[in-house]
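What follows is a pair of complexes built around subunit A, which joins subunit B in one and subunit C in the other.
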Partner chain A sequence: MSVTKMVYPLYQLGNPQLRIFRPSWFLTLVRPGKEQPPDTVQFRIPMDMTKYDVKNYLEKIYNVPVGVVRTRIQFGSNKKRNHLNQRVKKPDYKVAYVQLAQSQTFTFPDIFPEKDRTLKEGSMEEMQEKFMEDEKQRQKSDPRRGGVTEWFGL
Partner chain B sequence: MAARIRLPLLLPRSFPPLRSLKHVHTEAVKEPQYPPIVASLTAKSKSARLRQNEERIKLISSSPVEEKLSLITRIQRMKFVVYPQTFSRNPDRWYQHFTKTAYIPGLPEKFNPTTEGSQLATDQPAVPEIDDAAFSEIRDLVTRVILHEHWHKMRKRQPFLYKHQEQVVGPFLKTLVSELTYNLAKYNPLLRLSSLDFSPQVNFYWRRGKRIIPKGHRRGRQEPIRFQIDDHPHSQIRIPQQLPQFAPLEASYTAEVPEIHLAPNVMPLFRRQYDNNIFTGAKLPDPACYGHTQFHLVPDRYHRDRLARQQHSDQVEPFLRANAAASLFAWTGAQAMYQGFWDYQDVSRPFVSQAVITDGHFFSFFCYQLNTLALSVETDANNPRKNLLWGTESLRLYEGVQDGAVVGLDDCVLRLLVQFLMNRPHS
Partner chain C sequence: MASSSSLGRVLTLCKRFQSVFRISPAISVQHCAVNLKRCQNNLLSEKSSLIASSWITPISFVGQRRALHTTVSRRGLEEFFDQPENWGEPNVKSGAPWTAKQLRTKSNEDLHKLWYVLLKERNMLLTLAQEAKRQSLQMPSPERMKKIERSMVRLDTVVRERETALRLLQTGQEKGRPGDWRRNVFGYEYWYRFKEYTIPWYMNKRHERKKFYTPHFVQPHIRLRIERFLRERARKVNLKRKTLAKLKERFPQMKLPSS
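Then we have the complex of A and B:
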């Protein structure tokens, strides 16, 4: 049963447990802005998800042992103005801080590692780099002048 | 040139000797005494700020205890409110970091029977001053109390949601504590002079660590992190003399305290601003100013059955340890401040207290020794002392009540309880 907008049926004592198959919620794992303890993972979640939804989602679909979940709603600013002086709203979003159980830890991985820029010997790029460096050196003024321009002097 | 000098007509025979002129000046006038050159007190500079702090420290150190407490707790600012019974995960490491406490599993040697005397243990009585007859009396007393609460007492209706601990275990613990204290008073004369409080208030305020203010008109400046504990134990025993220390001060130098470099609000811990209180359970002039034992009740929300249903059984022991660390640190710290010690005047002798945390069936015993109150950044820089917390795992006192009899009453737990209450200074 695919759901587009969650409408929870009213629960009365004796009703079967609410079951959601193939939810249309998608979580985004983000790098925390402020430093978090090693067992805390930070997600951006849809606004209609609750703490218990997040817990069940991670436990049932991804088999992640979840200890406790705390959520908050981040207000997106409405202050910026466009070229027509109209206020532009940045969308609000909900953030969930998930603390893992069974003393598991998680660190956000480095997605963009620094690459070593060593160029191949004798290639076009290397010769171009060298040429550009020589040009820059030629443009620079004499360091012994201490920043004084060359208008003055002999 | 000789011709230009005008000499007087009559030259004196001998000129006055110049040597004696040297001493005339120094005998008549003394060296001027200048006042010491110190930084200004009112200038808008860092050195003036430092001098203001020094003057404040001197003022506080030299005032009597009441004024000292009011000067330390005068200014209200945003502070972290530390709840001893907390829902956070793994709070014991955080609380140990805030209070500079090292946890040592097991109890001090005083309460453990020595392995060398294991052969004699069967001949010797369970507790030194109490012989077998007295111990069996105490056992009967405890069974009577358990049966009174869980068997004989008529309950019209079962306690409602989350009221079980408060309405059933609370009165049971109250009767148990008062009956035991009264009975053991004939063996422990200190208990006759003690004061047993029910639902007292224990508050403590301290500063630890620094943070840089991120936003506002004071942005970029250093600010100490302030904490406040407002604890409500179930009951406590206060005594007029201090308990002896469990371990010498120097033994704490090698203990390990967990270091956490994250801000406390990540724990989660919340900040508020209100009155800074330091209170042991009685006001300052009370003669019973030292602490003996505190009894804590585990609320329904943190009961082990509920945590087991939520698959958080591994959080039971950290919760108890954090509760003991926070409550006992607050109590011993308040006792020390009542004696005039504070951040810049560290304790000269260790302050010792005990605690029993229970949820009706399971009892955990904790001993705390406060070795240092100097927790702020300036005083903690070269402070090797650490506070120590000894503690047991939860031990079951009795299995249950069946057909008017208590099943499975554990003697070891009872012995520990009696030893705790019998603890007194060597006279």
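Then we have the complex of A and C:
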């Protein structure tokens, strides 16, 4: 039933509950720009998703207890211009602030931690690293000059 | 907590099968199901395909069935992120995307479950990409996005094929949504798809203003369009003829191509 553009059938009193199989909606969890309460998770959602859609999505697919969802639409600026002086539009997107139920908290983790890599002996990366270090060493001035620039004679 | 105890119970149940089937933990199984095909270990890929087919349904010993599966996934928002071992890695390995031929061999239930597996993976990649943009760093292995996208498109195609086949057999209708060939104001004939309304078309005031015919004064514009089309076609033919004539002049022994 999943389509690129969702067509909702008409609802009249007594009709069965609308169900969507294989939804083509994709959420992006984002780090909040402004400080949020500890139980709030911030998502970027497709424009045609509603608060009820987000709640059902997270509860059914991710098994996350959702309390309340608030949404807003962020306008993408149309002010920037390209090299042809044409205005370039940044796409609009919808933001959902999801508050978790059952007093759960969520902090956005650090996904790019600094890992000290031990380079394999004789590998390409190790040779490149050595080469770069040698180059940097060559660029540095003679330490015996004590910080004096090369401009001065001798 | 209730969830952890049930998890513990299911894990112990799984341990009974571990010696027989060598089931890998639930997390990596899901990732294997996503990045199936071209896994180095063919055995693992076979097992994980079976596992993917029933990873949502819980184990039950009621009917004495040997349900080959892993636990019901209890991770919530963690599924928006990769495994913690992959955080900070410059490259993350992934297999080839699903092809339509492979997907056609799977049952409807399998495809339904695979859709959600792919959906979760895609959400995870989108989260990763956005965070990488935020931190001004490179996203590890961005080719995964395209692979997932293509797999999902192919899955959708396969499901649509099956639905059309069923519809043709059961009702004889080719299209699920009724429609008609209609002419619009600009002289074009297009496939107009019907929409559901609560009132009939002759009572719809707004629909009356929509014109499904071409007014008489549009005929000159249509004629100009036709002329432009014919001119472009003639230009193409002429260009081809002239290039061949030039080549023939330059290379007299040349054999003219059949096309």
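Methods note: the second predicted complex is superposed on the first by the 114 of 154 C-alpha atoms of A that agree within 3 Å, B and C clash if a C-alpha of one lies under 4 Å from a C-alpha of the other, contacts with A are read in each partner's own complex, and residues count from 1 in each chain.
Definition applied: contacts are C-beta pairs under 8 Å (C-beta built on N, C-alpha and C of every residue); 3 or more make two chains touch, one makes a residue touch a chain.
A quick note: this is a predicted structure, and the numbers were derived from the prediction, not measured.
Chemist: Just from the overlay, do subunit B and subunit C fit on subunit A, or is there a clash?
Modeler: Once subunit A is superposed (C-alpha atoms), there is room for both subunit B and subunit C without a clash.
Chemist: According to the stated criteria, A:Q99 is in contact with first (subunit B), second (subunit C), both, or neither; which is it?
Modeler: So A:Q99 only meets subunit B here.
Chemist: Which partner does A:M47 contact after superposing on A: first (subunit B), second (subunit C), both, neither?
Modeler: neither
Chemist: Of the partners subunit B and subunit C, which touch A:M124 in the superposed model: first, second, both, neither?
Modeler: In the superposition, A:M124 contacts neither subunit B nor subunit C.
Chemist: In the superposed model, does subunit B or subunit C contact more residues of subunit A?
Modeler: C
Chemist: Contacts for A:P9 in the overlay, against subunit B (first) and subunit C (second): which applies, first, second, both or neither?
Modeler: second
Chemist: After the superposition on A, what does A:F21 contact: first (subunit B), second (subunit C), both or neither?
Modeler: It touches subunit C, and subunit B stays clear.
Chemist: Rounded to the nearest angstrom, what is the minimum C-alpha distance from subunit B to subunit C in the superposition?
Modeler: Closest C-alpha pair between subunit B and subunit C: 18 Å.
Chemist: If you look only at subunit B, which of its residues touch subunit A in the complex?
Modeler: Interface residues on subunit B, with respect to subunit A: 87, 89-90, 260, 262-263, 266-268, 311-312, 314.
Chemist: Please give the residue numbers of subunit C that touch subunit A in the complex, ascending.
Modeler: Contact set of subunit C toward subunit A: 73-74, 76-77, 79-82, 87-89, 112, 115-116, 119-120, 122-123, 126-132, 134-135, 137, 152, 156, 159, 177, 196-198.
Chemist: Under the definition above, what is the set of subunit A residues touching subunit C in their complex?
Modeler: The touching residues are 2, 7, 9-10, 12, 21-24, 26-31, 41, 44, 61-64, 106, 109-115.
Chemist: Considering only the defined contacts, which subunit A positions touch subunit B in the complex?
Modeler: 34-37, 39-40, 67-68, 70, 99, 101-103
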